[in-house]
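Read through the structures below before going on.
The same subunit A turns up in both complexes below, where it pairs with subunit B and then with subunit C.
This part shows the complex of A and B:
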């Protein structure tokens, strides 16, 4: 029984790992292939099945004048827009979530839960519904095709996620901890900064991770709200496609674009497994 | 430096959490707030701490309007019934937190924290994380954190209720020692509890609270001997005092076909609707006694609690030994009727064996 259990356990782990890792390996090998090795039947192992070359990778950094696409600038644009928008969303979202969790608001029939739902409702609407208003809004304040404009739009999209996660998180931090901090001589701001925030790091990390993921992978708004001045990575990757699908450079760009998320996931996983709120209340 | 409250009321929903509560607490004294769950104890302590603002009424401390002073400037300390500590700090940092907040010298902080750790018996645990401590140890840390401040007002909100039996006994003993050391003569110590035994053992001034209202104020002995109403008698006894509907006539107390000779302090009562109150410890098993049927027998620690029934009368008897009974067993019991209380039909104390109001009727 026990042996069967261990066998099944490792069997499923192996199957799942293959399922997750195989596409990456496939993309990795494909990125070193040329036209012949992609279209002339299935090839797997470099040097044996096909002769690897760096053409797929070179295209990504060559300037368009030399027949490349140059994703370096869009890459840094994407990093800058995603990180800035996520940071601002986390700061604003955390502050509003704390207020929603600890204080009672009332305006007619609108109460705390309704306000929280209002934030989430921003994500319920299909993006296409928001695209025209956003376009008109940005054009009226002259921020179309600019990094600032994209950051503004991304904050609108990301802050609801931060609020949603952090409200839930703060509701689980016992109110008595804030009260104890007040009794111990903190004013409300100090209580938040010195006691509540340090105990909310796991929540902040989760919220931050979601913001970065959703910001990084967005194609739709980056596509609609920019033209020539500013381009983000997802839009640029799509621009790679031409009459002959360049599988090698598409694979290379796919790997380059998921790299930051994988790095973030590795760092975050360390912090999350620490989880240090468990001793607040027994 | 007295803490004086006048007519504090707090009614956040359709129920009073505090209802016209007034008191006058003097420095250097221990006050016990006794009341059942949801009687308003925590609300009262939070109001004193400044975490809640009452709807009406006023609190003065040292002659100043306390309601105008924000929590963080009140110099109070509070221990919660849940073990509240700062989970991101270790034991030492937890206890040092209020002192650092006051920007004290590091060397003074160090001395004070060590003293506090010593007084709660946690020396050597400075570097531990809060999560690595047992419930009792966590509660000691929060006690140490409130002691270290030398607060003028120390609030303890059912500090022992979430601990297991053994630890509770042990910590209660330590509390008594700490409190009796004088703790600093100018401290006002306010301790809330649901447990009458704890109240009696702490032996301070008792405030009995129910549904936000103060029912009785007096020394622990006074509350025990002369509870001024049925409610107080119920709240201040564990198990609650037995209440028996009886008639007194011809110097006899009659109920369920039982005739007991009325003791002197009850003999003059004749009015209708009297209720006789008798503690569960004032009833004993006796071969020649009156027959009751066992409804439930529970063993708690070294005593047995018998829930008995005869007709419509239900009583609880506590016996100081472990005995085995089955449901529907018949037992014979004797009433120590000279220790009985009598209450009027409106629940007020009519007569007590300790002389409260005796002979007034």
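This part shows the complex of A and C:
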């Protein structure tokens, strides 16, 4: 029984690992292939099966004049927009979540839970519904095709995620911690900053991770709200496509674009496994 | 350190309702400086509400709170200089033991040297000295609770330390040690300690004054001895003591005696002003003994059960339909069947409408 369990455990771990890692390996080898190696039947191992070359990678940094796409600027645009919007969303979201978790709001029949749901409901609509209002809104304040405009829109999209995660998290942080801080002589702001917030770092990290992921992978709004001045990475990658699909440069760009998320995942995993909250009370 | 006056305090969680439900009915009380108080009562009787009102976490619907004759009703928690220890140890997880203990002083801008001195002195008292630099979250539950307590004690001028069932999560043998610790701390620092509990043993061994509460009402305040011997209401008699006080339906027969099951029992109470027929006679099982040579206040009972509870025996007997319990020493010989028990008149409490006469 025990042996069978261990066997099955490792079996499924291996299957899952292959399932997750295989596409990356596939993309990695493809990125070093040329037209013939891609179209000449299945090949796996460089130098043995096919002759690797760097054409696919070079296209990413070559200027358009020389037949490349130059993703460096869109890359940093994406990093800047995602990080700024995530940071602002986390700050605003955490403050609103704390208020929603600790204080009672009432406006007619609208209470705390309704307000929390209102935040989440922003994400229930299909994005296409929001595209026209966003477009008109940004054009009315002259922020179409600008980084600032994108940041504003991304804050609207990411803040609900932050609020949702942090409300749940603060609800799990015992109220007695705030009360103890008050009794120890903090004012409510100090209690929040010095006591509650340090205890909520795991929650902040999870919320931050989701904001970064959803911000980074967004194609739809980046596509609709920008034209020529500003481009974000997902839009640029799609622009790579042409009548002859350049699998090598698409694979290379896929790997480049997923790299920041992998780094984020590794950092987050380390923090989450520490389990900072366990033992706050009890 | 302060004298705490609660004057006409009452609290309702829905004061704007046409029929507000009171978690605390109006009461007044004074807590003298440096004493140990226990608030005792079953769950949901308003104990915690009372504590939260004193610490300022809850604002009473009516009444005033005075610390050393200064009105603090409208003062915020952080300005009241109160320490409160909750049922579960609350520690600041992200800080070390030292930082935890120093936190209240840091919030009040104490100097580094003063903080050091206070933290070390408190850590000494609580046996936390060797842990000062370890992360607080790594400690055991009882050590964490000591930290909670320590944060209350680092402030020399703290008005009172309020404890809300602080020993619930602690092992029984540690409980005993901590309770003794608390007493020593009280004697050493002369801090007013207020201790909420639903465990009468805890209250009896810890406090010199016990406040018994029931359904939002303060039913009796007094020393453990007073509560034990002269419970104000049948509730107190029932709630305090193990086994509970013997209570018998009875009818008055003269100015100082009542009849239970046609047996005349003389009491020391003045029964001339009784208004209702709802009369009960209460007597602690500790005071009922097997009759030797007394010739009054005797009841004839039928022994049902004798339990040997270590240092004493508990007799359960029937007198007609009434059950009567008596605690006797281990050495006492108990006849198998009928036996005469003596009820001492001076220990009898007579209750009219469940209130002591």
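In the analysis below, the second predicted complex is superposed on the first by the 282 of 282 C-alpha atoms of A that agree within 3 Å, B and C clash if a C-alpha of one lies under 4 Å from a C-alpha of the other, contacts with A are read in each partner's own complex, and residues count from 1 in each chain.
The rule is short, and it goes like this: contacts are C-beta pairs under 8 Å (C-beta built on N, C-alpha and C of every residue); 3 or more make two chains touch, one makes a residue touch a chain.
These numbers were taken from a predicted model, which means no experiment stands behind them.
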Three-chain arrangement built on subunit A, subunit B and subunit C clash or fit: clash
Partner chain(s) touched by A:180 [first = subunit B, second = subunit C, both, neither]: both
Partner chain in contact with A:51 - subunit B first, subunit C second, else both or neither: neither
Which superposed partner A:73 touches (first subunit B, second subunit C, both, neither): neither
Touching both subunit C and subunit B, counted on subunit A across the two superposed complexes: 174, 176-177, 179-187, 190, 195, 198-199, 276-282
Of all residues in subunit C, those that touch subunit A in their complex: 55-57, 76-78, 81-84, 86, 88-95, 103-104, 107-108, 137-138, 141, 148, 151, 169
Residues of subunit A touching subunit B in the complex: 174, 176-177, 179-187, 190, 195, 198-199, 276-282
Residue numbers on subunit B that touch subunit A, as the complex places them: 46, 49-51, 70-74, 76-78, 80, 82-88, 97-98, 101-102, 129-133, 135, 138, 142, 145, 149, 162
Parts of subunit A lying in touch with subunit C, wherever the complex brings them together: 174, 176-177, 179-187, 190, 195, 198-199, 201, 276-282
